[in-house]
């Protein structure tokens, strides 16, 4: 993971290119992409250090929320730039990537070492019930729109989108109450599994690093969004590829690596927590927040994924649920999730929907 | 529950309005709706009293069947009046209401008091396998029709509808054989859980009350169906709202209250039995009976739900199945089912499909 | 089963009709159909005998693979004749028939004798995860095509079909590695359940019989394919009926009978292994092989089932998964799978999609 820090050099490089040299947008895009990868790691590290100074509850909440900072910032700037389909694509891609690619590779890598890996079914179930709720909820507007045909007025869809976003955020908050207060003991095991950490940084250092890193991610995200269209054109990348595959990977490389490492060490619980928890947060927290943000900016983003995105999310959730339902995994199950990601990715690239 | 009896006054009120005062249909509609609520309770009470005089088997069958009398009568009169889409909407709404609203609130209310509620998985599984069978069966004609396009002749669809209705009724009978004869011991627990009842009424009283109450429901149902169109127009209610939400609630208020009360007392088994059993009966007994009834009247009702109804039923069954699969529930799961009902209801109201 | 051997007489009959008497194609079609039934049994017997002389691993592989010889040959000749929709229909019908008809009747028949039948959940899960992977994978091209509309070029679909076929074959091989090498102990129980067999034939006899029977199946398959169109016309059979129902039954009568007999003897494990294993092989091995075979012949078969076929496969897998998930079955569950087959079959016959 340390070698990633070299990529931090792309922060000043991007700034110089964009504001001083006025390099071509496509180059700026590439370096801003590369700069986000290590920044996500730094944010993670700083949050972890700060969390040690807080109660476990606040710490858990901090870790969960700050892990989404890159997604939040990239999506936020994309919403501001009106790139709505890119926003939904990248959030769908993030969910699909987490439950098929990350989870699949984690289970596969762990499965190569351990014949059967077991984990706490209860935590997974709670996350999956929440995630399946989110999936069904986002299918509804699509299905009604699809069949309502011309009768549905854009205004209706936007109003329904806002209503749905508020409901989703409500469920997210309610889910937090569930996991942090009324039923926190169910989630105990996984917390215990994590090694107790000793703070390596002072609290003030942690806060400073977090603030600076977040500011840098914000700048890089804004740059990325500002240059994505030129870059897509230049490199002949479809919006589907950038949204579904590229952006989701940028903001999650660190989490992905952590999930796989944990599984390799036999701590599949934590890998699943990262992958399933992260998808759940994107679906129930980041995405609805973006809908509401767009509404505040005055032009509500329609909360309607494309059929391909919806299909990918639904297949991902069903397959992952099927693999996880019995509390045990083996390498073949991980391999299949991974291959499903490849097949879906291929379909997105070829048919671009 | 006793306060509901005051609503019985709406029976004479409705009769006077309709036949003597010739009040506007919209008013008659409202009072007939209100009159059905307590009548459903009276039918339930009378059936329970009669059941005490019979063998447990006959009693269970009586309770299960008579609980559907309001649905049967309302649907029957609607079929006779040719309001086919209202019939299917109200039956779909009844299924969705049972497995999302009633089950959700029951689990939620019970979950506020008991951290984890457990129940007999075997009974639930049997009901859910039957219900999922019904769901898949009703998806088939829709899907084939959808994709067959113009090629499907109306006559074919009607013939297929009758065939399907007969198959569904057959499965219902076979399911009764299963639960009352060959595998009745699986269903033992839930029966034991119910408190043994001592008859409060004489058998003759029970039968008389049942007969009178059923006659009243019949009259009120006929009145409701006769006035629904004017009322819908007057109050600006969409058919979707009346069919999916209003009518299903009228005939089930009593059952809904009973289910929640049982869960609050820690008897979630009975709540689930009520909600899942009731949906199953609507899907496998009442609906196909209506198709056959319409065929006898000479104009076969096409056994084809709208996409929205189908989606609602499918989502309801999948989500409830997912929540119930592990034999335990908590308040969050109930809350999510409830919210799913709200989201679906919102979609029906806004897009009206 | 011995009476089936009388049907072997249809082999010379078919040859005489076709090459000497030049009987009408519709008659040749019927006799070639009838001739395939006992040949499938002979191939099974011979493979079993040969398997006794090999290691259990090779034996298991032989049994699994040679059981698909009739499907492989019929499909192969149909591909060669360019009857692509018939190929996909018959393979879809084979999957649906295995998991609804064969599995349903097996569970039902066993359930009449044993109140509850239990089986090894782990084997079933492995097969079902593979099967569900196949199902989701074949839904993807359909869904993307459906929604991509005119944008998808035929060439793209063909390229994607080949890619998908290669991935499916890869997963099949990987699945074999899993079940025969890394996790073969999970599959131990079922193997032990099977009675240890003593060879009744010499190895050379087995190989000779296998070779001759396979040659005969090849000839009969080629004849069947050559005459199917005339026969369909003559008898007024839709392609849907021939593909989805007739051909799948021909090649599988023997396996079907064996599955039911095993369940009747209380060995439901083996019945499930036959039905689920066979579907899985059709989905992951035979079908992609046909796509690749067609590509080699120069005109790639599009790997896209009709909506009805897809729906049938999806419903079959979901219902069977639902029935098998708890490791226990009863007659009602078997009955429902069987009825689902009847309902689907009725829909195919009536709406022909």
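The letters A, B and C name the chains in turn, as written, and every chain counts its residues from 1.
The rule we apply is simple: a contact is a pair of C-beta atoms (placed from the backbone, for glycine too) under 8 Å apart; a residue touches a chain by one contact, two chains touch by 3 or more.
Keep in mind it's a predicted model, so treat the numbers as computed, not measured.
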| item | value |
| --- | --- |
| Proportion of interface numbers common to subunit B and subunit C (over half same, under half different) | different |
| Degree value of the rotation bringing subunit A onto subunit C, based on Cα positions, nearest 5 | 120 |
| Chain centre separation (subunit B, subunit C; CA means) in Å | 41 |
| Set of subunit B residues in contact with two or more other chains | 325 |
| Parts of subunit B lying in touch with subunit C, wherever the complex brings them together | 121, 125-126, 128-130, 132-133, 136-137, 139-141, 143-148, 151-152, 156, 159-160, 163-164, 167, 170-171, 174-175, 178, 182-183, 325 |
| Subunit B-facing residues of subunit C, complex | 115, 306-308, 311, 315, 318-319, 322-323, 325-326, 330-333, 335-336, 339-340, 342-344, 346-347, 350-353 |
